[in-house]
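The same chain A turns up in both complexes below, where it pairs with chain B and then with chain C.
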Partner chain A sequence: MMKNERTIIIATGVVVGLIASLLVYFGNPANMGYCIACFLRDTACGVGLHSAKAVQYIRPEIIGLILGAFGAAYAHGEFAPKGGSSPLTRFTLGFFAMIGCLMFLGCPFRMLLRLAGGDLNALFGLVGFAGGIYAGIFFLNRGYSLKRSYKMTTLEGSILPFAAIILLALLVAAPAFIHFTKAGGGPGAKHAAIAISLLAGLAVGSLSQRTRFCMVAGIRDFILFRETKMLWGFVAVTVAALLCNITLSAVTSASFFKLGFFGQPIAHTDGLWNALGLFLAGFACVLLGGCPMRQLILAGEGNSDSSITILGLIAGAGFAHNFGLASSGAGPTANGQIAVVIGILVVTLIAYMNTYKK
Partner chain B sequence: MQIIDARGLSCPEPVILTRQAMASGEARYQVIVDNNTSKENVTRYAHHQGYEVTISEQDGEYTLLISK
Partner chain C sequence: MKQYIATFFSHFGALRFQKLCSQLDWPARLAPVPRSLSSSCGTCVLFQTAELAENDLSQLITPELEQLVLDDNGYTFLYTVEE
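Now for the complex of A and B:
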């Protein structure tokens, strides 16, 4: 059974990695087949929650991930509305996880895709990410808990999937109050066709629901239990996307792979802040029980604690751009550096209080 | 027999609680969880530690009887 599990997780990782690479071929920003942080940020701006004109687009991948997970969970009797486990703490952790991701310019998923595109700056992110996971595990081993969740109503568990459908309708109908980055105006203008993005989201959402795919669990469970199941998936995503990028570069006129530190797409070369950004994100995500993508999947299963976390991520994205905290290709901002330090302090305090002062 | 109530807890808390209980070296434990992911994770961990696991389900809650 265990060997079978490993085969399934590797196969899932390969499919997810291929889809991620192909999404760039079909129009997504470079090394950004998926980036849950960036896509939640783009979506927030698409509906006008912040006003960074370069990143305005309701991303169908996000919608697809939620609805794909919802459908898979429903079909397998795993749609189980629950919530009530320290919701505002989860909102806060989600908020600062986003601040960390936007310092690095990517969620843990995009960290792998940046590596697969040859962006070696992501190695600093990986080191910081592993350090953040280690920090979270320190508290988990000493009794950290956000307390239990309870069964909720079907309505409570259905609100976020319903909101995803509304977002899709707004994207397709494109009324005047929905914002789109103008062609050439930034990453928000780069996207695959709606149907392709949506299908990619549905596929990865349903696969991830079935396999419990999570970018944090790979490293976390290996450190905690020497459990390698999810780590195989983590590696499979990277290798599959890497091979697909190299193949696409060979058979098309565009470049999907460029090895090095400098001139990487939607990335900066400040190693320390790349590491600290994902340290913050990794730390917060371990305390939340899963990476940003896993939160989308759990929300699709009816978990309103994860839905609140997603709202926290979205709020974090709004503030990151309104307050000038998000990095750009030019590097981190001073405001962003202050916010990441504050975030590390807040997340440490949350970890401490929920470990020793329960 | 120690009973570990891990209902409603986030990943990976159910497995950590199981591991901490196993430090006592008893032959039998009972773990209660309320979702498939936790059921799978605790079962996998117990198997790795050389335990047998028997699972019973009632109203969406799973009782895992872990024994050597």
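Now for the complex of A and C:
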């Protein structure tokens, strides 16, 4: 498998892009076949951790990504519980990565899918994201480290995959304390059938575990090593989703592609804050060692540092909605702008302290 | 000359190791850890030198080193950190 790593990564990118585009056809919000930030946020609200009624749904894609990675890792003898590398620092970085994503309205994965849907606002996000990665690399090259991880027990590595199964049971059983956005009530009401979403998550989760697919690694590895394998995967996702969107628009009555800045689904047109949001997310993710999706995959492999990061992302989503930090189609909020600036300062401080003051 | 791969707990550990290789006049470059070696993502140093003797090995082992591997038609693990 490894000899043709680049081909396999590109093929994975194509499959991931196609699945992402088709998920919208099957019911997911526009340009949101996947969005790890949005889906963690929806899931948090689905279990009542915040109360934004428009975004309440336990997303099976998240469950599938974790369990797909868990299954692939287990099958290949790569389920290896480990952790203990600055957990609370990782929680904090995850928290602010989410604040940045919800300023932009999407994680780096959705940034690609927004581009594939013709949303040019995502170009500002891409510029900010690359800038954030560059900022993180500045510290990596000067000694940044969150210290090593250690082998953990099987139980420690299994808790998050087990929690994913519990979430699936809650989604299917739908007891009264699980929240669902009412039809027409917002993006939370838009979703593919549970089985389709779950299968899509399982497929992408297992493929990503095999290939180490990561939205941060593409740009990071190019800057650090002039290594383009993952960057090609990045391009493959975008091109495959773009072509599938155009095809779907041609053969169905719905629109899956609209080129421009204005009137884009679940997006705003404030270029500066789109860029700063993903600058913060890119910066935090380089310090964490991977994008939000990669954290789900590593958590599936038993990495409890990534599990803590996911809890940080979820907490960030809760605060983002409770404190009015998340943007909407109308644009960013003043609270959100303040939070992003605070986030950039905190992440810079974390980078500095773990580089020069160890 | 033999081809070796060294993996680390941090990117900076790899950078420092690469400098050490340069001082020893060993050709060395940074790269992502090969997927066939690990499912986690990190930075490794690919370097070439004559066959490493036991006392060479002890000089190379630092707290930042995770694995040292001989890449010669398959991997031979020369050092793996204690977990």
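What we mean here is this: the second predicted complex is superposed on the first by the 355 of 358 C-alpha atoms of A that agree within 3 Å, B and C clash if a C-alpha of one lies under 4 Å from a C-alpha of the other, contacts with A are read in each partner's own complex, and residues count from 1 in each chain.
Basically, a residue touches a chain if its C-beta (ideal position, glycine included) is under 8 Å from a C-beta of that chain, and two chains touch if they have at least 3 such contacts.
Values in this document were obtained by computation on a predicted structure and should not be read as measured data.
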item	value
Which of chain B and chain C A:Leu171 touches, first, second, both or neither	neither
Chain B versus chain C as contact partner of A:Ala52, first or second or both or neither	neither
Partner contacting more residues of chain A (chain B vs chain C)	C
Which superposed partner A:Asp221 touches (first chain B, second chain C, both, neither)	both
Partner chain in contact with A:Tyr150 - chain B first, chain C second, else both or neither	both
First, second, both or neither for A:Ala351, with chain B first and chain C second	neither
First, second, both or neither for A:Thr211, with chain B first and chain C second	second
Chain B versus chain C as contact partner of A:Glu78, first or second or both or neither	both
Partner chain in contact with A:Leu140 - chain B first, chain C second, else both or neither	both
Intersection of chain A interface sets (partners chain B, chain C)	2, 5, 78, 80, 82, 140-141, 145, 147-151, 212, 214, 217, 221, 224-225, 227, 229, 289-290
Chain A contact footprint on chain B (complex, rising order)	7-13, 15-16, 19, 34-37, 40, 44-45, 47-48, 60
Interface residues, chain A side, partner chain C - complex	1-2, 5, 73, 76, 78, 80, 82, 140-145, 147-151, 209, 211-212, 214, 217, 221, 224-225, 227, 229, 289-290, 294, 298, 301, 303
Residues of chain A defined as touching chain B within the complex	2, 5, 78, 80, 82, 85, 140-141, 145-151, 212, 214, 217, 220-221, 224-225, 227, 229, 288-290, 305
Chain C to chain A touching residues, read off their complex	9-13, 15, 30-32, 34-36, 39-43, 66, 83
